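The first chain written gets the first letter, and so on, giving A, B, C, D and E; residue counts start at 1 in each chain.
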Amino acid sequence: MVPTSYYLVLSAVLFGLGVIAFIFKRNILTIFMSIELMLNAVNLAFVSFSRLLGQLQGQVFVFFVIVVAAAEAAVGLAIIILIHRNRGTLDVENVDSLKD
Amino acid sequence: MPVLSYLWIIPLLPLMGAAANGIFGGRWQKKVITAVALSSATLAFLLALEAVREFLTLFPNQIPWIRTYFTWISAGGFQADFALQVDQLTVIMLLVVTGVGWLIHIYSTGYMQDDPGYRRFFSYLNLFMFFMLVLILAANYLLMFVGWEGVGLCSYLLIGFFFLKQSATNAGNKAFWVNRIGDFGFLLGVLLIFRTFGSLDFATVLPRAAGMTADPAGQIGTLTAIALLLFVGAAGKSAQLPLYVWLPDAMEGPTPVSALIHAATMVTAGVYMVVRSHAIFLNAPVAMQVVGVIGCVTALFAATIGLVQTDIKKVLAYSTVSQLGYMFLACGVGAFGAGIFHLMTHAFFKGLLFLAAGSVIHAMGGEQDMRKMGGLRKKIPIAFWTMFVATLAIAGAPGFSGFFSKDEILNEAQVISPVLWGLGVLTAGLTSFYMFRLLFLTFFGRQRYDEHKVHVHESPRSMTIPLIVLAVLSVCGGWMAAPQLMGGVNHFEQFLAPALVTGAEPAAAAVESSGGGGEILQALLGAPVIAGLLGFLLAWWFYIKSPEAPKKLADSLSPLYKLFSGKYFIDELYQAAIVRPLVWISDKILWHAVDERAIDGAVNGVAFVSRESGDRLRRANTGNIRSYATWIVLGVVVFTSLLLWMVD
Amino acid sequence: MITPQIAMFLVLAAVTVAGAVSLILQRHPIHSALSLIVVMVALAGLYLLQGAEFVAAVQIIVYAGAIMVLFVFVIMLLNAGEEERTNVSRLARFVGVPLGVVFLAEVAYWIGRATSHLGSAPAETVSTRDLSTLLFREYVFPFELTSFLILIALLGALVLARREESN
Amino acid sequence: MFPPLQDLYRIAPEIVLCGFGMLVMLLAPVVSKARHDLLAGISLVGAALALVATFYPARYPGLAYSGLFRADSFSLFVHWIVCGAAFLVILGSIGYLQRDDLDAAEFCALILFATAGMGVMAGAHELLTAFIGLEMSSIASYILASYRRDAPRSNEAAMKYFLLGSFATAFFLYGIALSFGATGSTHLDLMTPLANDSAHTLLKIGLGFIFIGLAFKVAAAPFQLWTPDVYEGAPAPVTALLSTGPKAAAFALALRIMASIDAAAPLWFWALWVAAALSMFAGNLSAIVQTSVKRMLAYSSIAHAGYILVALTAAAATDHPEEGIAAALFYLVGYALVKMGAFLIVAHLGGPGERLVDIEDFTGLARRQPAMAACLSLFLLSLLGLPITAGFLGKFYVFNAALESNLIWLAILLALNSVIGAYYYLRVIVAMYMREPAAEIVAEPVPWTLSAVLWIAAAGTVFAGLFPARIIDFAAKAALNIR
Amino acid sequence: MQQTYLLSVLTFLPVAGTMALLLLRDDDHLWIRRLAMTTAGVEFALSLLLLRGFDAHAAGYQWEEFRTWIPQPPIHYHMGVDGLSLFLILLTTLLTPISILASWKSIDQRVKGFFISLLVLETGVIGVFVSLDLFLFFLFWEVMLIPMYFLIGIWGHGRRIYAALKFVLYTMFGSILMLVAILWLYRITAVAGYPTFDVSQLQALLSNGTIALPVSTEYLLFGAFFLAFAIKVPLFPLHTWLPDAHTEAPTAGSVMLAGVLLKMGIYGMLRFCLPLFPGAARQFAPYIAVLAIIGIIYGALVAMVQVDLKRLVAYSSVSHLGFVVLGIFAFHQISIQGAVYQMLNHGISTGALFLCVGMLYDRRHTHLISEFGGIATPMPVLAALYLFSCFASAGLPMLNGFVGEFLILAGTFQRHADWASWAALGVILSAVYLLWSYQRVFFGSLTQDKNGTLPDLDTRERGILFVMAAIILWMGIGSPFFTRRTEAYTQNVLQLMRRPQAYNAGGLPKHGSGSMYLDHAPVTLPGLDTAAYAGVANSVKLK
């Protein structure tokens, strides 16, 4: 059988990669994707924990997370569209009129 | 005892006069003002006489006669009452102050006739009378200090009376400040007295002080400290070295003021105070020596300056300083009685001198430089004769008042130390020299003024009468001591003695007994008289016989002459050594450097630093979310590491 | 020793990580999106491996299917081009990315260290019934809330995306 | 298997809020645009009713929905704050919405939903429920932040808030996952580490991440950088909401976790300490150099988060956390009132498009609109912490708590910071009262709704500043019943 | 104790006045002035009642009012008057109408606001003097800042905003630390089992040894309190806010500032620092005395070289208050009485000086000495009264200044002859800077012909200054009237400073306990299993 720690480490790695992506990417869309990546990592953690502990909650949480992700996606994409509409760019680094 | 029991009336009268004139006088015309001022002074004098009469009827055990009217200050264990006291010493001072003061009031009505500040002048003058009376009637040191400061105030006001003149106001400030330095000493002395005796009443302090064992010679014990501190005050008020500098400048004031305040009464307050505290001084040998030496040196020092002054009032001013020196010399050698005696006679003849000089100036239309006078003998005979009498008196011509007092002082000094005596005699010679110089320059020789510019005229009666009265006093003011020469008793001393024997063993009395009883001839041919004579002859030689002589002498001894005429450059010294540095330090260092740079700089610095750091901090908000995310991750890493590594 | 499951896991894990890395490295958002989809599919596989079939299914259908399609759709809509590697924020570039790596290392290390000894749990498959009972009994409250969450999302999309009728 | 009635009672406020939210949404299409202020009125009623509805949880306290939700005096207190905030924001923004003709319907609906989310956070007794509540309020706020669709700054604010917010949420969620793994449960009262020795580390990381997620929400340094941008860019009424409701809810959640999970407090103590200190300085110092009042207030709210964190630190430091908790709650009340008022005033004075929010534009306000200036001064003074205002007593209690836990140094830092704060608050007063206006600005008439809000806020501030007894007593009760 | 309301009335009457003012139209200046004046007048009249009913021999507080205000932490609305505060209140109620009169004409901008601030200020100050609860005290202490801030900032001159900010920030810096100290003290009492903010109770607890502060704690507490008060006084080197504030403030502001606000610092020292922390006070007395003496001399010297009259007077305040602080920290009954008396004197004579300067300013709109010269010719009356005030503040006998200074010196000299001797130097210097500036302003011939036409004082101004002069004279001659009433206080404070060797614990009824809410019965709501809630307070296990 596969030791749980493998899954957990994998989820940690994915989460970390998500974080790196968030900082590294410039396109708002991809940044948003990196958030999705992080959420997925969390899901993995949930699933493997639920399996480890033999409790189903973990898996239930995954549904909730997915729903939340969906909601965020709807709103986030709408905001992104607005940004693109008003500024004609998706590069976060050009969206910095609010500062200091 | 109508007056003695209501003693407060005497000082109150002049105060009322001052208040009335000062506050309401604006609307009154001159007559009323004159009436108010004069009546208050006159009444005060009359009541003083009555008081003296009543005093003479008292039994010895009722003396000192003390009346307490109300509590002025009381806090914790401390209490100072508004209490007046009369004893022999007070009586003398009372007569001098009210009497001379009264005369000078009269004189002033004439002298200030045309001055716009007439009302102001008289309210000040009355106020002065009030404070002076408080000073001498006070029954404790604190109330005495009230009068002490008060007369200082009035002197400030009256010196700066012509406040449009820069020099006058400067002189006023100088007088007040220098006096304040003295008062600083006096105040500390008073504090020390309170700390030592737990009270400030003469009636408590002096007997105790007398009862204490004297500080060993050459050492500074409590009593000596007190005595010295008090003497600092005295030196300030009575213009002794090194605090005399204000008195010559004080001549900026109107002449009657110079006569009353800066010759007859206020400046002698120091002497009075020392005599009043003689019980303390007697047990403080070091202090006694200091007083004597300072007095003697001042006498000589001022006399030398007086030799070469050309301003008639300046001469008199320095002579005043010198004479005050005599009085302190007397105190220093324990002859307090003699000191007071000289104080009195000096009040007569020096007051007279000033008033006469005043009427000369009046006659000359304000001219004070003797070199521009001369030959006034015929034009203003009264001024001349009175002044002549006064000169004889101050020069110590036998029979005149000055003769007795000065002679006595020197006798006493002789007993204590020949050196002091020698210097005293020398001073006597100088005194008669500069006084006759003044007389000759002013009244003899050819007239050195322009007949058409100034028409010399005799003063109005209001001015001449006081002159004559004072002249009479200057002649016979000293006769009370005369019998002594015939081996009799010195009535003055005898009268004063009870006030001076609060001490367990009155040194004064001892000295006196040893000093007394010389016979006439010795006295008449005594060194002082000789010296005086020499001085007179010298003056006659210089200013009548060969008027060009002084010039020659001045050239031959030019450095000495410069030193004298430059007043030993003491003022310049003070300016350079004290005043300017103080101002510079306060301005450049304390204010600008410390206050503005250092302290405020620090305060504003804090504000600046926080603003700067704020500016740095807000730079973190680049507006770029990638950097924000970086910060967040930074926080995450730090905090998780904190948790994982640190916390456990 | 490598059991089939472990081998399976390793493969899937490799795919996931590769997908994630390519998500980072791809310049064109569409490629990133696709690599994300890869990640999700692989994750679904991992769920299956752990016997969470239903979750795996949802993962494929909702996540990869619905959400990512939405992404792709938006990318097309805005025809977002390649992202040019601007580097306005030096902080992010020189501090942020390394920090990210540090973070990854730290968390992975600690979790690995902490759970290394846990060993493995049997992969008995979860019955959907139990899942649903749990969801509709215990967790009915958050479940209801999620409905409002979606309502909010709808509202948001409505508010934000619609154009002013005025212009 | 319908949930028992009591459970419904216990979430009555949320039901009311969501119900009215939906009602407004349903009415929106049928009511003509012109009459949308009617809908605002309806949602106002909703908020008010929600306040009233808190009577039920007060009447039937206890755990609901198999222990996911908990109604007690603590959640009650927080409910009052958030519902009150919602009420005031809606009332205060009516005029604003009309002026900038923004649609009132969705605006109010979103506020109601967000508030419901906050309510859930306040009462949540289980982490995932809390998470859902958090998401409700957050997502709603993302939308609200970009409510001025065609204002680039508004969108930008929304974008930043959204991306960073979800970023932080991911951490929060990961934290939940890890602590779930460590304790085998997400019910706050059951979360004790499992016997195995992996649990401790996992719980550490988990709670650490949860802390970070919450710290982000309450705008505590070093997670605060989004705050000024978002607060400045978002429409001022939304800023008013953001700076009060969600913050209060997040603090409530943090307190709840801290008090319920035994491991949390000692783990968080140092983090709280550092965050408090950093936030105070970061907020105050950067606020000094601001030229825009709106942004300055944003920074000041960071500083105030720091002050409240001091109270939390105090609570974490002792086994008698009541004083810390009570202080935090009281502070939140005063703070919410004041910040609400201040931002609404800025919203009004900003004029169409909120262009006039610089200090320069406030010069001579005392002449133009004395009442307005007086109110703003009162609020600023309260933020500055001068007596007879709620702000002072808030600080007073925070100090008290800090000292009770022997956090002398933190107290002294707090003291220094309130002096620094004085500097920039007074600068605004200087501008309003002591400078002559640079440019001539025409004063707009104040809509009665806004003035009503301002009066309420001002009165509340002074009242709480003079007679805090009731409030602090209830806060104390809440603190005692937090678990 | 019998409940009276006089103190509350005194405290809040001015605020009531401001409420009335708010009803008036903004431009109805005449009636605004009249109303303000009436309020202040009535206030003064009422405050005289205090004097009448005051029992000079009672040691404790009189006219006490005691009501519970905030139950947790136990904060009481506790007011009372003793010899210390009595005359300070009278001073306040006297100076307020005076400054209203003084600004009758000179304030024509935003008149309403001005008088409102002035009256609120009065409330704040009186509140400070009457409150016997640390919390209440601090409340008034801070409230008072705001009106003053406005007075300086709105109606001031020149760099008024800088000055106002400086004033507030300086004061706040001190007072916020004091707040921390207050709370710390409260915690200590709470832990000891007697939680209280009540001043008299604290004094009792500490002096009868029920609570013994650890030395280091006492030092820190003393430091925090003293810092706040020293800034207010102000004590060198914390004085630099004063010259700015004074120079820029309007006349009324300066009068209140110098007359009353500075006294709050002294009051604080006497009311709190000495009785509560005698050990620390004794420990630090030498250093404080040195600072005070530096202040005396430094202030005088800097005043000497000022070019701006108001600045000069401001620095003279630094010098004078140095005397007061010295007197306090000599711990001698005489000197403390002197200090109390001297702060009244300073209020009057410096107030008078500021009024005079203000009258000059009204005519010429400048404070620069160089702008004047020879003013005595056109304005003899002002010249006379100004000189009078100068001598009052220079400590001329028979005027008020002397009595205070002398008592301070006399008392100090008993213990520390050296301190007194140094301090006495101030007596010389004060004469120097006052008379020198006076000469430059009033004496000599007119330097500028526009000064030649200045009108002399009108009836209102004369009235003001005559009143001040009369008081100066009275206080100079009739000092026992005051000292008799402050005697009991000084004895009391020195009594409180003695600490018994043996502690008699349980001197007071023990109520409450360490934590703020432990005496709250844990609240149990129906429907909850009360077990989970019982004794919650202790059950939260944190380490």
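Operating definition for what follows: contacts are C-beta pairs under 8 Å (C-beta built on N, C-alpha and C of every residue); 3 or more make two chains touch, one makes a residue touch a chain.
As the structure is a computational prediction, the values presented were derived from the model and not from experiment.
J.: Give the chains in contact with both subunit A and subunit B, ordered by label.
T.: Both subunit A and subunit B are touched by C, D, going by the contact rule given at the top.
J.: What shortest step count links subunit A and subunit D in the network of chain contacts?
T.: 1
J.: If you check the contacts of subunit D and subunit E, which chains show up for both?
T.: Touching subunit D as well as subunit E, we find B.
J.: Find me the chain with the mean Cα position closest to the mean of all the protein Cα atoms on display.
T.: Chain closest to the assembly's C-alpha mean: E.
J.: Going by the average position of its CA atoms, which chain sits the greatest distance from subunit A?
T.: B
J.: Kindly indicate the chain pair that has more C-beta pairs in contact than all others.
T.: So the chains sharing the most C-beta contacts are A-C.
J.: From the C-alpha centres, identify the chain that is farthest from subunit D.
T.: B
J.: Express in whole angstrom the distance between the two chain centres, defined as the mean CA positions of subunit C and subunit E.
T.: A distance of 68 Å separates the two centres.
J.: Please tell me the distance, in whole Å, between the geometric centres of subunit A and subunit E computed from their C-alpha atoms.
T.: So the centroids are 63 Å from each other.
J.: In whole angstrom, how far does the Cα centroid of subunit B sit from the Cα centroid of subunit D?
T.: One centre to the other, that is 79 Å.
J.: As a quick test, compute the distance in whole Å between the mean CA positions of subunit B and subunit C.
T.: 103
J.: Which residue numbers or ranges of subunit C touch two or more of the other chains?
T.: In subunit C, the residues touching two or more other chains are 88-89, 92, 96, 99-100, 103, 107, 110-111, 115, 118, 138-139, 142, 146, 149, 152-153, 156, 160.
J.: For subunit E, what residues touch not just one other chain but two or more?
T.: none
J.: Among all residues of subunit D, which ones touch two or more of the remaining chains?
T.: Within subunit D, the residues that touch at least two other chains are 128, 132, 135, 139, 142-143, 146, 149-150, 159-160, 163, 167, 178, 201, 205, 228-229, 266, 423.
J.: Write out all the pairs of touching chains, ordered by chain label.
T.: Between chains, contact exists in these pairs: A-B, A-C, A-D, B-C, B-D, B-E, C-D, D-E.
J.: Residue numbers of subunit A touching subunit B in their complex, please.
T.: 19, 22-23, 26, 31, 92-93, 95-100
J.: Which of the residues in subunit D end up touching subunit E in this complex?
T.: Residues 6, 58, 60-62, 72-73, 259, 262, 265-266, 316-323, 326, 381, 386-388, 392, 395-396, 399-400, 403-404, 408, 411-412, 415-416, 418-419, 422-423, 426, 430, 433-435, 467-469, 472-473, 476-477, 479-483.
J.: Could you please specify the touching residues of subunit E with respect to subunit D in the complex?
T.: The touching residues are 69-73, 135, 138-140, 142-143, 145-146, 149-150, 153-154, 160-161, 164-165, 168-169, 172-173, 176-177, 179-180, 183-184, 186-187, 514-518, 520, 522-523, 525-528, 532-533, 536-538, 540-543.
J.: Touching residues of subunit A toward subunit D in the complex: what are they?
T.: 8, 15, 18, 22, 28, 31-32, 35, 38-39, 41-42, 45-46, 49, 52-53, 55, 57-58, 61, 64-65, 68, 71-72, 75-76, 79-80, 82-83, 86-87, 92, 95-99
J.: In the complex formed with subunit C, which residues of subunit A make contact?
T.: Subunit A reaches subunit C through residues 1-10, 12-27, 29-30, 32-34, 36-37, 40, 43-44, 47-48, 50-52, 54, 56-57, 59-60, 62-64, 66-75, 77-82, 84, 90-91, 93-94, 96.
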